[in-house]
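Just so it is clear, A, B, C and D label the chains in written order, and each chain counts residues from 1 on its own.
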Amino acid sequence: MNIAVIGGHSCCADVAKIAESIGKEVARMGATLICGGLTGVMEAACKGAKSVGGKTIGILPGHDKDEANPYIDIPIVTGLGYMRNNLIVKNADIIIAIDGKEGTLSEIAFALQMKKPTLGIDTWDIPGVIQVKDAQEAVDWIKRRQ
Amino acid sequence: MNIAVIGGHSCCADVAKIAESIGKEVARMGATLICGGLTGVMEAACKGAKSVGGKTIGILPGHDKDEANPYIDIPIVTGLGYMRNNLIVKNADIIIAIDGKEGTLSEIAFALQMKKPTLGIDTWDIPGVIQVKDAQEAVDWIKRRQ
Amino acid sequence: MNIAVIGGHSCCADVAKIAESIGKEVARMGATLICGGLTGVMEAACKGAKSVGGKTIGILPGHDKDEANPYIDIPIVTGLGYMRNNLIVKNADIIIAIDGKEGTLSEIAFALQMKKPTLGIDTWDIPGVIQVKDAQEAVDWIKRRQ
Amino acid sequence: MNIAVIGGHSCCADVAKIAESIGKEVARMGATLICGGLTGVMEAACKGAKSVGGKTIGILPGHDKDEANPYIDIPIVTGLGYMRNNLIVKNADIIIAIDGKEGTLSEIAFALQMKKPTLGIDTWDIPGVIQVKDAQEAVDWIKRRQ
């Protein structure tokens, strides 16, 4: 199972902490964490996943795999810019949005369009997004659903 | 100038009427109407534009230009599926969203990300979208800005 | 009918002359000329088409429509880089390759893959490409086929 | 290091044997094998890589990761059709072409355009492709270069 963690490439310390917790939980469930491969929420989630031995994939907007954050195992360069947001969602079974701006909104839109389960923590309040308050609640939701 | 009209591929008669009015006004301003090339809001807007001699471009999701609605002058096939939403916005100077579901939301997200003026009529209430009540108000906004 | 003219973004004067002749003939047949929108063979072909009142579409690799050569009527920006080569071919009914390097080779490959008629003048010698010696021979081939 | 093995989705037994040998050697060098994820040359190469404990990535043209051959560790769906050929090459440090038709030719073209080392076995004879006769010769070339 691939779980996407989406959110901004910059974020405050509190959001990073939530993202790191989510990353840990994703890895503990045995899922692969997929994301946009950059900094901010993406990096914090990957750091969490790697801290407990998880696996991470980063779908990068540019042509240079060195743009991936240091916790990405499998960087995939695309040269697609923000169109790559669609690929992140396409490759995920479940999407967890944390905070984020317009880029994250485009990913939420694609996730809902593809009718994939989409959880949200402190993020866009869009009908269809299952709002949860923290990593634990997200994981509980996912486990109940399996 | 290219003005994108975005919205769902199916819509009710009232929304179609608004889209048709918008299409007319876009053409009367001398702008080219760009859209996703399909039915619903897209077709109604193109019908409006063509009724007053305007020019229309349709950026299609599939490989077959015959999928374009009958009011498209320049069909561009992409085979990109919903990733083509990004191209519609990229090719527009101003975006007008009418009604619409998740596909339209993804276009609004990309439009805001690209910092392009984005007007909305009966559509997603996203910060940054300039909400207007009808075609006239949309055109007034655009003319004031020029 | 859309006819793609493909070839390098730089070329010698002799090749430009051929491209310009081809552009004229494409327009005289009533076809729309589609190309990558840039300089070299693309610009020469568009110049020819416009000199006799033809219509031209440029599918650009970048995000800036001002990168289009001055003879492009409808610039379409993509941000897809060389992946846009596939879109040029996808939107053409017939492809004419003139000179060109690896980019042109990728377009010839896609054209043959899509089983579209592909003519070549002083270009890659790939099985399936119909080699002709000049604009007149290319046009004769196209007219015989219609 | 990522090494792409490119070739047709169907191939004869002899070609499959070569592809399997290449896959083994790629894995033995400690490189990750990247390919289009489907059958034929791609599957044979992945089978070889997995038989010696290698790692494989498949960049798929469609939306369904179950289209990946059984030897793919990391399937990446794209929905890009043959445009995904460009992504395979973009993610490789070295490209090895075996046999193949127009799809393979498009990948060779992109590889040469990106100025990446491109080896060929029984494939298109394009200037710039380093023709080798078998897996051993390919590996020798790569090792000498490192």
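Rule of thumb we're sticking to: contacts are C-beta pairs under 8 Å (C-beta built on N, C-alpha and C of every residue); 3 or more make two chains touch, one makes a residue touch a chain.
Fair warning: this is a prediction, and the values are worked out from it, not measured in the lab.
Both subunit A and subunit C are touched by B, D. With centres computed as the average of Cα coordinates, no chain lies farther from subunit C than A.
Interface comparison, C-D versus A-D: the higher count of C-beta contacts falls to C-D.
For the pair subunit A and subunit D, the distance between mean C-alpha positions equals 29 Å. Look at where the CA atoms of subunit C average out and do the same for subunit D: the two points lie 30 Å apart. In subunit C, the residues that reach two or more other chains under the touch definition are 79-81, 83, 86.
The residues of subunit A lying in touch with subunit D in their complex are 57, 59, 63, 65, 74, 76-79, 86-87, 90-91. By the touch criterion stated above, subunit A contacts subunit B in their complex at residues 80-83, 86, 101-103, 105-106, 108-110, 112-113, 126, 128.
Residues 79-81, 83 of subunit C are the ones touching subunit A in the complex.
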